[in-house]
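Below are two complexes that have chain A in common, paired first with chain B and then with chain C.
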Partner chain A sequence: MTARKSRVRPWFFHGGMSVLAFLWLVPLALVVVTSLRTFDDLADAGLASVPKGLTIDPYRQALDSGEWQSIVNSLIITVPVVVVTLVLASMAAYGLARHRIPFRKTMLLLMLAGNLLPAQLLLIPVLKLTEQFGIFDSRIGMIVVLTAVGLGFYVFVLHGFMRGIPDEITHAAKIDGATTFGVYLRIVLPLTKPAMAALGSLAFTWTFNDLLWAITLLRDEQKLPVTPAILGMQGEFVSSWNVIAAATVIAAIPTVIVFLRFQRYFISGLLIGSAK
Partner chain B sequence: MSHPMSRRGFLAGVGAFGVASALAGCATSTPSPAAGSGTKKSAALQLKSRETSDGGRKAMQALLDEFAKANPQYKPTLNTMEPAAFQQQIRADLTLATPPDMLTWFAGEIASNFAKQGLLLDATSAFPADGYSKQFADLSTDASGKKIFVPTNYYWWGMFYRTSQFEKWDVSEPKTWDEFIALCKTLKGKGVSPIALPLADSAWLTASWFDYLNLRINGATFHRALLAGQESYTDPRVAKVLDTWREVLPYLDPAGKGLAFQEGSAKWQQGKDAMFLAGTFLGDATPADVKADVNFFQFPIIDANVPVAEEAPLDGFIASARTANPEGALAFMKYVATPQAQELYLKTSGSTLIPANSNAKSPVSTPLLEKGRAMVASAADVTQFFNRDSNDDQLNALTTALVRFIDKPDEAGDILKKWQDDSAKARGN
Partner chain C sequence: MAALPKAVSRGGPGALSVGVRRGSRETLVLLAFVLIPFALEMFWTFWPALNSVYISLTQWDGIAPPVFVGLDNYARMWSDETFRTALRNTVIWLVLFGGLSVLGGLGLALLLDKPRKGIGIYRAIFFLPVVFSMVVTALVWRMIFQPDGVVNSILAAVGLEDQARIWLGEPETALYALIVPALWRQVGYIMVLFLAGLKTVDPLLHEAAKMDGASAFERFRHVTLPQLRPITTVVLAVTVIDALRSFDIVWALTKGGPYHSSELLSTYQFSTGLLGSQLGYGSALAVVIFLLTVGTIVVYLVRSLREEEAA
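Take a look at the complex of A and B:
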């Protein structure tokens, strides 16, 4: 009975997974194929048709229409956001997890509660605030806001993770004469590396793919990150689907690189967090 | 004692480092306009445009270049935003401390609402004394009599078809509603889907049918009163509009509901759908070799006693009341009102548009354009379009009602009641 079950199960699993994987990949494949077709071919035959021929022209058009600049903008915004977020969140999480700070539970809950508010609710107030501070329509403003918006969540996750680090290790370090900051830098941070890597790649993706804040806080075409720039390629009535598809494929490359680089941390990091 | 102090000091240091690195990351960013000195600021002029097409961008830039040549004291820049985002941003834009100085916009209720809130620059001094018809001048005027809008061009709506396809099917343009229904029947008999109406991403197209049927059956005066909330959607006259539309529903392309506008227009272009009630943008989207084949006829006459009204949406510019450079903005508005500027724009953009200034000539005159111009010129009245004549909330109420009506044409009574509710609610807030 059990022997039979174990023979059937892998087949069932693999069969099911191939179907699911196929369903996942079809839209992606469609985007890639669309990005390699000419516009006239698409307009004549429609999206769901066999391509007449393939060309890399849409990629050239996408890059010529200023996509480089917008990807650079995206990176100028994303990299500082990820770095600052991780530095601040890990410090705050360490403080909240390992020190008897008054109202630490309340603080944590407040941070979490902030995350439960829909971003749409914050758009106008934040817009007005950034205007008051003179950072409206600037990439610095985007960095400040995106950092602030994400911080609560990252602190919460890292807090849970850091509480899982055995007390004995930090105590031993303290006995050996480490300062509080020394413990953070030499003991806690290295142990938190998997979670930091996982959160870092998440933060990168979220920030890089952000559209809502970008179209709220930025106005100047020259400063727009890649997501609204792609949106801008659409016409009011008619869009060049192939160029947009090519632009999306190009825009996906940085996040894919980050994910591939960090994926081993990603899985272990999230698992450790959940097993706490 | 020294411990917490040093820790705090260190934290502050790291924080400062973080901010510094963030700042370094933005070293390439240009200083914000607010940082500019006073004299510099009054030279800068920003035009925010929603023309994302290649031709539209080039044409806007050409306008600014010509303007700067004639007025070297100003330094105009172009900023283009995708239309949906543009629409979403404009309210916030007009209330910014440093708003875009000029914006592309259209005539109608929304512009008057902005004016009511004091967001628009008084452009009366820039508005030319002659060149604009009384109708266009009225559309550019707010409730207090100020000119707040400078129209530059308009397009028209009609029933678009391809000449070669009509010849192939051996049919001709209908003039009246009965001829139109007969044409639909003939086409269906030949195995052609008569009417395209793609709704997947463009349910607003249903508004064009409602507008035209209402204009043809009840006239422009009733249409305006209805949109302004002075008449009710439960009025039997509105029910008659739906009754008339019901005759056409069997001839709509049944696949239309699942098609995006672009897919629908491709299908029409390939001759799979015969006719498409649309604006001239439909023809502009076709490949160059098809353009000469694109033709249209006037929406069929239903009641010969009703004065003929056409939809001719008027586009142009507004200026922000909070601009740092009102003289510059007004100078630009004055420039775009001239026939030369309007001809330059149309020549560069290559779109099928008619200049709003009657002294301007169409730089590229095609038979299609002349036909459209003649149709609008002979109309007794001109409307903008459902949402331009009312607002986007009212348009939402309309699409909800009409998409349901296409599905369930027998529930017209219920649908109209719900429509009236939705419309009143949208007016309430």
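Take a look at the complex of A and C:
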């Protein structure tokens, strides 16, 4: 009976699913195709038409009009944020998870709570603080703020992960004379690698995709990361859909690379991420 | 060979004295490990948050010193037409975007739970938009909603030209047109969360229920759903937080327009507080967003606790 059932149902299942999956991909296909068309072709036939020919010219136009610089800006901001976040978060998580520090639970919960505050509640005072410190409208300011407001989540996840490391391992190292820092560097960090990879790829995507902080803390167009920059390009290239599409594809490439490279970790990261 | 007695003596009283001598420096290292990240985060989150609460009680243009006005900013919301629109839209957004992404994610997870040929590809496809920024998502969908875009072309192709509109440019449709791309990006995320939850569902219970003659729906309702409760709580919290802080997609496509018809509290807060130089009123709006988030989650938690007690 089950054999008969399973012969009919896969057909049904795959039929429905492939239609749905196809619909899911249509928007992406549309952008990629549009990004490869000429302006005249689009102007003649409209967005929803079969292309007459393909060209990579829109990509050159997008990169020449400043998108290259904004991708570089994105990386100048994102890479330090990811690195500093992982270093600071793993330090705090190590201290809180492996040592009897007074108020450790309170500190952990405060850090998590700080991460869950809506950004809107922070925007105005943080803007004023960066002005006072002279880091308003600077990439350094973006790095400091994005690192600081995100920390709690990473500490929380790493804390859970580090508590799972058996006591015997760190004890043995302590008895052999390892310092607190030595245990952190040579024992706990290597054991935390999978979690760090997961959190690192999440941090990269979140930081790279940020819009709200960038439009709050940056004014100079030369310093804008790519996410807010492609929004601005809409004004510059009104109705040049091919260039806007190319710019969009370019802006998506770095996160897609990180996702493909760290796919396994990325999804496990989202899962532990949901634990917040 | 000297290592052995040394190691033994370390376990004895000798270890204590070494520990004490080394202790103070070790304590300093440990304090630095914890306090530097802690202080950094507190300084850039709780301190600004407290400041926001104070600023919300003032009238401030950001240049002249702030003037304390008590609860005036909150009172002003009552008579502010745009605030009411934004609040209503935010609730619609929470219900539609939140509700549909949970239902869609759960549905996809149920369909893609059992191992089958090709299932990994489907999962990857539905998940793919999650890695894009909301801005990328927005630009992708702008081409679909354009006056000469895909939606209108399809409508024309099937003879429904009169249904064609400027989807993002008309007050009646703008908000709902924004929900579609937001869902497109969110559903895959929720699906992954539910897929993880479904892994914990005990297949033996399903078999037992089948033997007892339970239909597929009954099994879902009485076997799967109760076991999904922990992940459902997580999903709902994530959804409420994500829905109430939605900003990017609206800002990228309509900036809350036309005529505030797609305004959310988050976009209204940005327009007034950061672009409009009404820092006091903007901060009051931020406090409302915060209270709405906390309130929704608390209500849900209380309700689910009660249900658990009743069960």
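In this section, the second predicted complex is superposed on the first by the 230 of 276 C-alpha atoms of A that agree within 3 Å, B and C clash if a C-alpha of one lies under 4 Å from a C-alpha of the other, contacts with A are read in each partner's own complex, and residues count from 1 in each chain.
Here is the rule we go by: a residue touches a chain if its C-beta (ideal position, glycine included) is under 8 Å from a C-beta of that chain, and two chains touch if they have at least 3 such contacts.
The structure displayed is predicted, hence computed values, not measured ones.
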> Overlaying the two complexes on chain A, which is it for chain B and chain C: clash or fit?
Replying inline: clash
>> Per the contact definition in the header, classify A:Val155: touching chain B only (first), chain C only (second), both, or neither.
In response: second
> Once the shared chain is lined up, is A:Leu54 touching chain B (first), chain C (second), both, or neither of them?
Replying inline: neither
> Which partner, once the models are overlaid, touches more of chain A's residues, chain C or chain B?
Replying inline: C
> Is A:Met17 contacted by the first partner chain B, the second partner chain C, both or neither?
Replying inline: second
> For A:Ile169, is the partner it touches chain B (first), chain C (second), both, or none of the two (neither)?
Replying inline: neither
>> Going by the contact rule set out at the top, does A:Phe136 touch chain B (first), chain C (second), both, or neither?
In response: first
>> For A:Trp241 in the superposed arrangement: first (chain B), second (chain C), both or neither?
In response: both
> Does the superposition put A:Leu212 against chain B (first), chain C (second), both, or neither?
Replying inline: second
>> Tell me the contact category for A:Leu127 with respect to chain B and chain C: first, second, both or neither.
In response: both
> Looking at the overlay, what does A:Ile253 touch: chain B (first), chain C (second), both, or neither?
Replying inline: neither
> Between 253-261, 271-279 or 379-387, which chain B stretch has C-alpha clashes with chain C?
Replying inline: 253-261
>> Need the overlap of the two footprints on chain A, from chain B and from chain C, as residue ranges.
In response: 46-47, 88, 91, 124, 127, 144, 179-181, 215-216, 228, 231, 234, 241
> What part of chain C is in contact with chain A in the complex they form?
Replying inline: 7, 10-11, 15, 18, 22, 26, 29-30, 33-34, 36-38, 40-49, 51-52, 55, 62, 111-112, 116-118, 121-122, 125-136, 138-144, 146, 148-150, 153-154, 181, 184, 189, 192-193, 196, 231, 234-235, 238, 241, 244-245, 247-248, 251-252, 265-266, 269-270, 273-274, 279, 282-283, 285-287, 289-290, 293
> What part of chain A is in contact with chain C in the complex they form?
Replying inline: 10, 13-14, 17, 21, 24-28, 30-31, 34, 46-49, 88-89, 91-92, 94-96, 99, 101, 104, 107, 110-111, 114-129, 144-145, 147-149, 151-152, 155, 175-177, 179-181, 184, 205, 208-212, 215-216, 227-228, 230-231, 234, 241, 244-245, 247-248, 251-252, 255-256, 258-259, 266-267, 270-271, 274-275
> Residues of chain B touching chain A in their complex?
Replying inline: 3, 6-7, 10-11, 14-15, 18-19, 21-23, 25-26, 28-30, 32-35, 48, 50, 52-53, 79-85, 88-89, 92-93, 96-97, 100, 261-263, 265-267, 269-270, 281-282, 285, 287
> Taking the complex as given, what residues does chain A use to touch chain B?
Replying inline: 40, 43-44, 46-47, 76, 79-80, 83-84, 87-88, 91, 124, 127, 131, 134-140, 143-144, 179-181, 215-216, 219-223, 228, 231-239, 241
